[in-house]
Amino acid sequence: MTYHFDWSTLWTGQSGGWLLQGVITTLQIFAVGLIIAIVLGICAGALRTVPIAPLRWLASSYVEFFRNVPLLVWMFFGYFSVPPLLPQAMQDWLFDHGAEFWAAVFALGVYHGARFSEVMRAGIQSIPKTQLEAALSTGLTVGQAYRLIIIPVALRLIIPPATNETVNLLKNSSVALTIGVAELTFQTRQIETYTAKAFEALAAGTVIYLALCLTIASIMARVERRVAIPGLIVQGHTGTS
Amino acid sequence: MKLLVAFLVAVVLATETTNLSFAESTLEKIDKSGTFVVGTRTGSPPFAFVNKNNEWVGFSINLVEQGILPALSKKLNKQIKLEKKESTVPTRIPLLTSNAVDLIAETMTDTQVRREQVDFSLTFFITGAQFLVRKGSPVKGIQSIAGKRVAAQQGSTNAKILREKVPNAKLVEFQDQPAAFQALSQRQVDAYTNDGIQLAGLKAKAPKPDDWTVVGDFFSYDPYAMAMRKNDSDFRLVVNVGLMDAISSGLYFDLYEKWFGAKGEVPYPLTPENKRFLQLQVVPK
Amino acid sequence: MDFHVISNNFVFLIAQGFFGIGAFTGGTLRLAVPAIILGSTLGIILGLARLSPSPWLYGPAKVYVEFFRGVPLVMVIFWFWFIIPTLIGKSLPEYAVALTAFVVFEAAYLAEIVRAGIQSVARGQVEAAIATGLSKKQLMRHVILPQALRNMIPALVTQFIVLLKDTSLASIIGYVDLTKAAQIVNNREIRPFELYLFIAIVYWLCSYAMSRYARRLESSLSV
């Protein structure tokens, strides 16, 4: 039994096209999932720190439940368990417009939203209480204080752990293959099925993921430098791993 | 970072000039480890599936346990243990070529293209591709499938043929049969294409069998065979002898009756011409 | 909504899926516990290597950590599932594949936690210890590691919880963990809502228990 390495299978025939389609799909679910996760994360993270108890409890329940269940379970849940509960019109629309895509971004969004909220919460809590007190004493409401002072500062503080979570989201997009999303890992399996070149296909996928992760990290580092507030010193970790 | 890139480049260069090869044949491998590893399905009734008692059973599994394993033990002169691993359409050939399993015994169609990557045993079942739809669906076969959402298993012959014959049908590929069937039962697709017998099996085992119909003429010819690594004639001989003995001794037909007979899990009568075909495969000793 | 599917298959789901006792190769705990132990061991070695002044230790450790932190776990699982048997010429049981993939992958993350934990021990401690005449080894054993471990506990437990959740990905290669067990039952009964909700609750209970334990551990160990 001999395995012949043949790197050209990656660009001859259909493989190249499949890889490209896979990358595009991965970036699509990454982008939409990220937007959902950031919105949920900022809201839930902030709500976990406000002085109003019912809101805190609501946000905490969301975070604790979604964070402690595997992403794979949320993918199955989003694809198999949720659609039958929706109104028929929505179901029809979903199935005509790539239900698996929306199930995947739903799962990624709520799961990483819970994780982002922890990062956000830690960031907000690392801002001295005096900031909020000062803001309130100038006549701002709690909502305004958060919107204009606390959250903008927190967002800058959390860039390193947020970068980590963003990279995690990109890597977790690979789990979507289990519900039939034709993302990058799915396509490496596709190439492998049709050409039997497992090593080359997996290597190509691995290299592309590495490149994407490093790109995100360097973009975020640049963003951090551009939005930095002079004089605001970041002390070590502000988030969970 | 640079170290990482250097490492990866080194790997690519190293592999460009090397081939990985093993002198060990499958029989030697089984002899040394004492275990015969078979790749089979968990969701393809009645060939290989998990029943209500959560036991892993099926027609293909029985053929291996009762037909091929004895032949193997006799050839190697020792008791060989059978180990089952789950295989699916996209994973079965890689599992074989990577030595993770020795034989694929499930619902794999023997095709010329696949023979470039693996060797096949004798044919042990004959069927063709059809569609599974909800009762009363407007889909009646491959002629009415254009523009509809159709589920299939990633890498299956059905997916390939459908892609070629009906390019404007919206093909949604799943990792395995249960996922595809679930999509169908939740109306996420209009039809599910697979080999007729598997669709009949799914229908029989579904919570509400009367909700489903198998439609369409066979739009492909699907002879099932067991797959093994290429250029391993000694092992292939043992597998074929096992199957031939099962057919000539009547074991095959007993198993067929158990799973596909009138009182079987999925009634699917054996046509006289198919029976003759199976019997003619048994060459004289 | 019919929860009988849970009660009918409860033994299979929990005994086989969660604990690994049954006819199939599986068990979430059977994978998670050894993975945590072995992964931590490898993680500590890598973490210390990362802090080593010698480039022969520092270099490979850095490449290792950067590599595994930049690829999805799904990919790593596929690597071990397909490539390793090809390289060594024989088949590996799913358990070995899954365990190896998890240990190798999680060690990269644990290494970073170890490194950060050790670096977080105040310099003053190190200087004082050296000033009292402790050797480097004694310094590590009696001063740095105990304090580092205390600092690391929250991050370590978080990572262990992540590892527990990641075991669900072993289902992709057919390892019958809790998620795969639910899939097997669902394939037959088609009751995704009840089944996936059930396993979500089981995972949640475990994670919650682990984080409560960690909080207790942290407060009982604090100086």
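Chains here go by letter, A, B and C, matching the order in which they are written, and residues are numbered from 1 within each.
Assume contacts are C-beta pairs under 8 Å (C-beta built on N, C-alpha and C of every residue); 3 or more make two chains touch, one makes a residue touch a chain.
Nothing here was measured: the structure is a model prediction, and the numbers come from that model.
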- Message: Taking contact as defined at the start, I'd like the list of chains shared as neighbours by chain B and chain C.
- Response: A
- Which chain pair racks up the highest number of C-beta contacts? A-C
- Task: Work out the mean Cα position per chain and let me know which chain is farthest from chain C.
- Result: B
- Note on the structure: Rounded to the nearest Å, the gap separating the Cα centres of chain A and chain B is 37
- Query: So, what's the distance in Å between the C-alpha centres of chain C and chain A?
  - Reply: 21
- Multi-chain contacts in chain C: which residues touch at least two other chains? 67, 82-83, 86, 89, 183, 186, 192
- Query: Multi-chain contacts in chain B: which residues touch at least two other chains?
  - Reply: 1, 4, 20, 22, 24, 91, 94, 97-99, 182
- Message: Could you pull out the residues of chain A that touch at least 2 other chains?
- Response: 1, 3, 80, 84, 177-178, 189, 192, 198-199, 210, 214
- Note on the structure: In the complex, chain A touches chain C at residues 1, 3, 64-65, 67-74, 76-77, 80-81, 84-85, 167, 171-175, 177-178, 185, 188-189, 192, 198-199, 202, 205-206, 209-210, 213-214, 236-237, 240-241
- Can you list the chain C residues touching chain A in their complex? 67, 69-75, 78-79, 82-83, 86, 89, 109, 112-113, 116, 120, 154-155, 158-159, 161-162, 165-169, 171-172, 179, 183, 186, 192-193, 196-197, 199-200, 203-204, 206-208, 211
- Where on chain B is chain A touching in the complex? 1, 4, 8, 11-12, 15-16, 18-22, 24, 89-91, 93-94, 97-99, 117, 149, 154-155, 172-175, 179, 182-183, 186-189, 229-232
- Message: Quick check: in the complex, which residue numbers of chain B touch chain C?
- Response: 1, 3-4, 7, 20, 22, 24, 29, 33, 37, 42-43, 49-52, 54-56, 83, 85-87, 91, 94-95, 97-102, 178, 181-182, 185, 205-207
- Task: Please give the residue numbers of chain A that touch chain B in the complex, ascending.
- Result: 1-5, 7, 80, 83-84, 91, 94-96, 99-100, 177-180, 182, 186, 189-190, 192-194, 196, 198-199, 203, 207, 210, 214
